[in-house]
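Common to both upcoming complexes is subunit A, partnered first by subunit B, then by subunit C.
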Partner chain A sequence: MPRLSVSPSSKPNCSPVWLISVLLGLLAIHTNAKDVLTVPQQVSLSANMYTQHLTISWLGGAATTFDLMILRTELNETVFYETVSVTMNQVSGRHQWNWTSVEPLQCTSLSIKIRSRDGQTTSEWSNTQILQGSDLPSNEELQMYPQDRIVPVGANTTFCCIVEEGKLFGTIRYGNTVMNTTRLSRRSFAATVVNQELSGKTGTNVVCFDNPKTKLTGAVVFVGYPPLPTDFVCETRDLTSAVCQWNEKRDTNLYRKRGTRYSLNKRNCTFSSPEEKQKECSVAQWEGNFTLVAVNPLGQYSLTDSAEINHRVHPVAPVNLTFVVHAWNASVLWQWEYNSYSSLALDCQVELASQGYKTKRTFSGVGLRSVVLSDLYPDEDYSVQVCCGAQQNFWKWGSWSKSFSFKTNNYVPDAPDVWMWMNKDYTGQVIWKPLTQRQSHGLITGYEVTLWSPEVNFQHTEFFSPDTYAVPVNLTQIATRSSDNKVMATVIAKNAAGVSQPASVLIPLRLTDVEPLTVSRAVYTDRGFPLFWQHNANDTCAYVVEWYEASCKWDCPVEWIKLAAGNTNVTIKSANFQPGVRYNISLYSNSSEAPELLQHWQGYMQELVPSSSVLLSTTQQDSDILLTWREIPLVNRRGFLLGYNIYISGGSQLTLLANLSDLESRSYTVKGLSQGLYNFTVKAYTSAGEDKGTTASITLEPYTDWLILEILVSLGITALLLAVVTVICYKKRKWVKKVFYPDIPEPKLSGDWSRSQGPLDVKPSPHSLVHMVQKPEWDSSKEVLVVIPEEDEDEEGLGIGDEPVDTDEPTSLRYYNQVVDERPIRPRFPDSSDSSASSLDSACTDVTYTGIQTSGSSLVFQLDPQGSSEGHQSQADLSVCGGGGGGGGGGGGYRPQMQSRAPSDDIGLASPEPFLEPQAASAGGYKPQSSWHFDSPVEAGESGRLAPSLGSPTSVASTQFLLPDEEEYAEEKRQPSSSAATWFTNLLSSTKP
Partner chain B sequence: PRWTRRCLTRRRRRERWLLPGYCITNVLVCSSYTKRRRHSWRTTPLTEDVSCALSPDSEEPSTERQVQLLHSALRQCLGLIHCVILKEEEEWGELEGDYETMRKNVQLRLEHLLHSTKGLVETENTTLEVTPDHQCNEETDGAGGVFGLKMWTYRVLLELVHWADHAAQTLHVLHTEREEREEI
Partner chain C sequence: MQRSRVRPHPAALCCMSFPLSLTPFMSSALTYLGPPFNEKDFSPPRPNSTALSLPSAATRLELWHGLENQARLAQNQKAYSVLLAAVRELARSTLCPALKTSLLHFCTGLDGLLGSISALMTTLGYALPPPSANMEMRPTMNDFAKKVEGFWILRELQSWLWRSAKDFNRLKKRLRG
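Presenting the complex of A and B:
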């Protein structure tokens, strides 16, 4: 220690030296003082393992600045080295400083040493103090720190794992995440988790494994929030104590022993159900000011509330509700749990529930304990709840009481709503609406219905069961006896409490005489059918609007509504309205007189397309097609018909032909169609659209009348042409004759024509073939000429029929004076078979005129009258049998040319007498054309018209050309037109082979 | 009592029975913990090894006797399950999800198994109890923290799985032996 040394001296001339010595001495003392800073003594450590706080205290003398150094003991790593200012605690005389370790203090041993500092001057380091960790060799076990740490969300936490002595460190997992680790000591390893998220309810596991994984240890960390209560408010229920309530705004994620603890005015709160968010805590006396403190391991939160008690009255629920019940009202009585309520002015509300509806009624009074509920309905169930609030300084409505129920008493029923339905005759129904529960006032036991007509002194009463709502009536007898036009029907309902007022309706007896009014249309809206009518100022009557399905005609289920006088509109609604159904709606006056029909509507709730289609039929009219159909039944229309659409279908496509908006017109004519098959579809439509339609098919056929007309015209033209040709031919007959039938030269006979036995061979000129057949009656003794063809003699019977008669082969005719065929000669009929057979019939004389130019060789046969008669008779029938037919017909077989009595070369034209005998003429004997001479040149000309036909190569079968006689001629003269036709017919037939 | 290697060997030697009808290892809780069984670091059994009471030189007990011993072990398991439930409710209160339901199912099935084994082997001379045989005063593992409670719970369930398997095998043998006896 520097010491101040002072030495006495008497010499005054030594004073400057003394002064310098003093100054040097003071400087030396000051310098020496700095060199001796106090070294911190008695360093002690106090560790809080949970908070990881280390408290270091020491004796530091007068120094206020110290250097602190904290090292991890094993690895001698510096954890903390700073210069801190620490003031000395005046009481203990020690210096103290707190340090918070990032790692748990158990992780490894820490060495702490301190030195004093004064500027740049420092003392020596104190002795090192060691805070021993849990990784000492003496503690061999596997360990993990910290245990059960509770941290707020977002915090960082460092965990350390101390491996077992002699084992290797493996990994540290935070949940399922492998953490990065740092080595703190030989056995200790640390990992830091940053920005931690909320853990699960059971915390997050932090697990440490050794290497290899033979063992594990771990810790659990809980990550949550500090408490945050809200809505803290206190009130009183019993007018003495306080009940405070609040909510937990967020879940702290900490439960049970780590959960939030609450205290109200420093009194701990306990909860029956700590999991609930809504908290409630009570204090026995109202203190006016209330403080709530919420604390959990992560922090605390405080809320306060202040109020006077009479401003915070929350009444309790009334208890023990009782009732005094009547038909139309009831009294409700209850009790209060606390006597203090008897002096409390209360407002109480009664909630009345009935038939699903709730109403509230409010009552007031001091200590209110009963109320009267009026305007109730008889025989109805009610349930009641009551709650009250303070009338003064109202805070809130109290708790609702339990719900109690009661049923009001019965009462007489209301009068039923009565109406009637009358059919076209005097039958009908008296109808009334079922009484609702609120109208019946109790169980209906029955109805009493009375029909009454004062004029005829008629009254009839019947009783009906409670489920009767319509009674049939028959007023036929009354109607006949009464001149009045109405009958009154009265209905009375009954229940256990009595009978209702009578409800009456006047039934008109002359309904059938009412003329139908104009029918308007009622349009349905969302709310029903809105109806409007004119109000007559003079009318004071009420109204009845009734409606029913228009398709109903007898005892219809009618609905109605009664309206007071003065109404001019109403909207009728019914749950029974159905779409697609037409309703008749009628407005009646409802007065003391019988109901009078005032207005009539029809309407649909919703129009639909018709459910059925028209019945369609098609007919052909000339070249047109007429479509007709029937009306759709009313039930099936399902809407107001707006018209009909007529379609023609081509394949699958319909083409609209016409749209008929006139509903009365149910036919349509399709014109201008050609022949063929047509399909027509008719669809009726309403505002909802068309129905499915009916399709009818028809095949348009050619018009028959026209066909007939065409045929007739064609025939007429043909006949006209023929007539013209005929006239022309007649006019030009000479020319025709000259062209087609030139005159045949007269045959010239030479030699001896005396008779001789034996066959007479006649060599006819070419193209002459004559078969002469003698009649059976012919006398064989007489000489007969038989014409025998020169050739083909053997084939006479066979070939002639087969061979064409008209042949150009020159044929020799042999005339034998003998019978060839004795079979009777039959008449021939103009059918083809006979015609062909005749050619095979030897009895049929075939005459081929083609070659008979030499027939005028004057071969004359004497015919018997009989045979000529037959031949003449059958002549008219012979038209087809060719020449053979003609010759072999009634005319008998072939007859040789008539022998002239005076044969001469100029026979014929010069002969003044008729050439033929009438008999012979009638017999049709063969005559050469040259022998046909008439007196009159005209007649000769007339008869000569046949001559050319003899030369025709095709007219070989016709007898017409062979035997014209006078009778025929005379007849032709009488009937020239007929003759012309016959001639024409013969001309046609002569063309046949 | 301590679990010795000799006892473990003896117990494994007897695990040769199977009775599918009594297997409770299908409980999800047990299954999930079983997967992590290899990480267990404790070897001390929670249940008293009843077989250790037998003399090492004695004959292998009869099947009926084995079932009686099994019943005793299952009773201890039931006590431990009760203890687990108490501790977990104390620590966390009501737990989330299906955990509580499965835990309850384990307890009920274990009680049912106890009643079944009692009915099989109880005689006039032997009275078997079905109440939990545990005081729930055992400390949990580790440092007594929450992690120690979880590990202890896991070990309880492992014990339960073990004795459940054992019960399945032993009861199957008992069933087989009795059938053979009836046939004879």
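Presenting the complex of A and C:
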């Protein structure tokens, strides 16, 4: 570093005169101190540009307090002005003070001057010393400071840019950020970055641009951390040298030449992969004390470790593993990399891996090089790894050797686990469990099964392939020949190493005679079915617990477990257990005798709701309903049935009627129901809930006996009422006749009607006239003319009203009171008895007046005054005369009327009369129909206007229909159809042939 | 290019192609240098360092076309030999493993290109230029100056690759014609 120094130009003169003066001055020490303060001389500057330290030294005499002033030379700005206490260096006799500049010292020239101070008294300022910056006019280049600075995270750094001579300053960028700048001199500008963050691997660029951007310069700053190693520890592998390891706790973010350098016991460490966090450095000899020093440009960090070598033995991995293999054991041999291990007491771990499981076995010995692994399984693959540690002052387990594999030799198989299944006859199966690899001790080549019965000297042997685990047996013949109850079955497994011990089971021949025991329930837990039983102290037999699906009846796939004598409980497990399946679990004795069934359980792994519902039927019993259903099949129950719920459904809701917990009761009677349709649902339930249920519907019919009784009573009452009415009517027949059927004057015929002896020819006679008395004021409501069509049952059924008018069969109409006999037409007084008999059986037209009446007066026929009797004539005349009066129904002349009746009324009254043809029935009255021609009914029918005439009475004399005019017809339609009196009249006057 | 009297070896012609491209890693290389080196309009002054003591690829086009084949090939050869050494140094100094791999792979391509040019010059009977100055003689540079130098190495390399591609295509056409 350049050192700048300025030498003083003069020295103090120590003459006796001056000394005297000093002494005199001491006398007045407090009067004028200024006289004794010396001006600092020989001010010299020494600058460290990298650290930005400025060392100022001077000759200051006896003064210990000085004022220091540092100015930027060009702009004469004060950078530092403080009073400092500085002691004189006794060797050099100089005062020295260090100052650290915020800005790089190259940024601009600094002027430094000093004066002595004693209290308020100060000396003159020393000569100004200038530390020249790089912004001198002689240095015209564009520059930037500091360069290649390395700072810790969080530091503040001031950068300055000296623009080229004659150019203007532009900007300073720190990375992507444009910095605020301050002017230090004519060409120098500074920017300060505070709290700096980690830079990138290549540092952060600080770039200065001039204005306009014609040139640029820059610097790179690296922001990182000082080193921080941890976990420093030393150990030995070869029992001679030391290997020390440590970790870098954090990345310093400084690399290559700026990266951390390590030294171990003052020997530099080199690394093959500097990027790794875990470092390792070796020392050829164990030194006991170890010091690690980590250094980077931002600082250093030291760690120490000390230990004896035998406390830090970390054995290397055994090498060259070899094996000596047998069926049940194997020897493992290895070698050590260093001979020094031969005298080292070692504990060694052997990790044995087989079938996915690992076990560790530990062995000890001095310089251990081999171990014997016992309790291995024949014909099994093993892999072995070995690692060792020092037996004394154990430090840590050494490195694992490479993994080596071997396979043990074959051995004869274990005896199979044999059991049997017997059906209800003498057939069954001898079954055995497949041998596992650890039971077969080698590849099974086959099985040998022997059945023998010593009593009948029967023995039969057969060989089976390795994949056979069940052999059907038929003991029918043996059973017939043997009085003994058992047959022995023996199974032997074979492999390449030999045959297994024989495994036997006694097959009882009288198994079918065994009475079923009480069945208990086995409750499944998460570990299986726990079973308990009583142990008889006298029994020394072992046990067999077998289980199978309860729904299986023939050659069932049975599972079993054999238990030693003395056991009183077991929990059976099986991967085959399924939810919703009932299992039969049986406990058998297993001795030299045939197996004996000791106890029996049933259980579900998990109960479910029944998979099917009951088969439900409903029957009516009197006024009750009997529900009966069948039992759910065992397979479908999927749980122990707890009962049945009987519901009645109303709409979408089910209402519980009864809960039957008695499973044997599969019927239920529902009482107290009224007639109607009912839906019943029966649901069986288990502990898991109800099944979906079966719904049956039934319509509850009325109880027949009561119905008959009700009918009879009704009929009796009806008959009684009819009798009463009949008697009353009979007794009051005259009154009735008078009220309801007053005498109607017989029409008088004009001309010589008497000559006509034959049937009445209804052909219109040109000489017959009907004198109609027209009365516009006629009130139809006062007169009723009811037309009853001829009572033809066929036509009744078809409905007359539906028939077209132009039918081929002219509608038969009948006039009551029509003169139809052979007698000459004469006036008649119709009565009720006559009315029914006076019918006209005409092939052409048959019209019947059911009644021609007036309300409170008589209805007058005035057919021909000449042919009428006088009396009648007078009556007719009277009637005609009175026709002008109110209330008279006749209105004068021949004006029969027909009371309109709505069809609905006919239905509502349940009248035995056939329905009237609607158009005819609705006709309110009659008027002559001049257009009708009897000989041409078709023509008449073709005219729609004639349709109402079908129900219209036809005058015998005029052969004219009396049709209502349309206005009246419409009016009549609006009127109520009939009154009760009209109905009653019709009832009484209706005639049936 | 002017027609040469000597026919080049077909193998040399065959190798006169430019599969080399800076494009795949140019962006990552500039990003590695940090801003503002990866900015589009950033252009620091070209330093006169040893690593850049190569013929400039910015020679005016008419001047370049006016040169003899030999001169142009010699300049190509010199430029790529200097650039190869510079890119190798870049690869050595980079701290980014992926970028280092890319640069080293590119150096292999550059080495092949140099061999092709040398073979072509030899075939055409031209004298090979003397080897370039030793890179170990580089003066100490600050980190910013090294970045600027790296920036210009990549830029010159890109320019030379563009120019050479055109030159070689033209030369190939003429020699075959």
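Rule of thumb we're sticking to: the second predicted complex is superposed on the first by the 575 of 993 C-alpha atoms of A that agree within 3 Å, B and C clash if a C-alpha of one lies under 4 Å from a C-alpha of the other, contacts with A are read in each partner's own complex, and residues count from 1 in each chain.
Assume a contact is a pair of C-beta atoms (placed from the backbone, for glycine too) under 8 Å apart; a residue touches a chain by one contact, two chains touch by 3 or more.
Remember, predicted model here, so these are calculated numbers, not experimental data.
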Practice item. Using the touch definition from the top, say if A:Y255 reaches subunit B (first), subunit C (second), both or neither. Key: both
Practice item. Pick one for A:Q147: touches subunit B only (first), subunit C only (second), both, or neither. Key: both
Practice item. Check the residue A:G288 against both partner chains and state whether it touches subunit B (first), subunit C (second), both, or neither. Key: neither
Exercise for review: Could you say whether A:N205 touches subunit B, subunit C, both of them, or neither, answering first, second, both or neither?
Suggested key: both
Check your understanding: In the superposed arrangement, which partner chain does A:G175 touch: subunit B (first), subunit C (second), both, or neither?
Key -> second
Check your understanding: So, does A:P274 touch the first partner subunit B, the second partner subunit C, both, or neither?
Key -> first
Exercise for review: Indicate the residue numbers of subunit A shared between its subunit B interface and its subunit C interface, in ascending order.
Suggested key: 144, 147-148, 200-203, 205, 215-220, 255-256
Practice item. Give every residue of subunit A touching subunit C within the complex, in rising order. Key: 144, 147-148, 173, 175-176, 200-205, 207, 215-220, 255-256
Review point. Mind pulling up the subunit C residues that touch subunit A in the complex?
Key: 32-37, 44-45, 93, 95-96, 142-144, 147-148
Study note, to complete from the structure: In the complex, subunit B touches subunit A at residues 39, 41, 90-96, 142-143, 145-147, 150-151
Revision key, fill the gap. Given the complex, residues on subunit A that touch subunit B span 142-144, 147-148, 200-203, 205, 209, 213-220, 255-257, 274-275
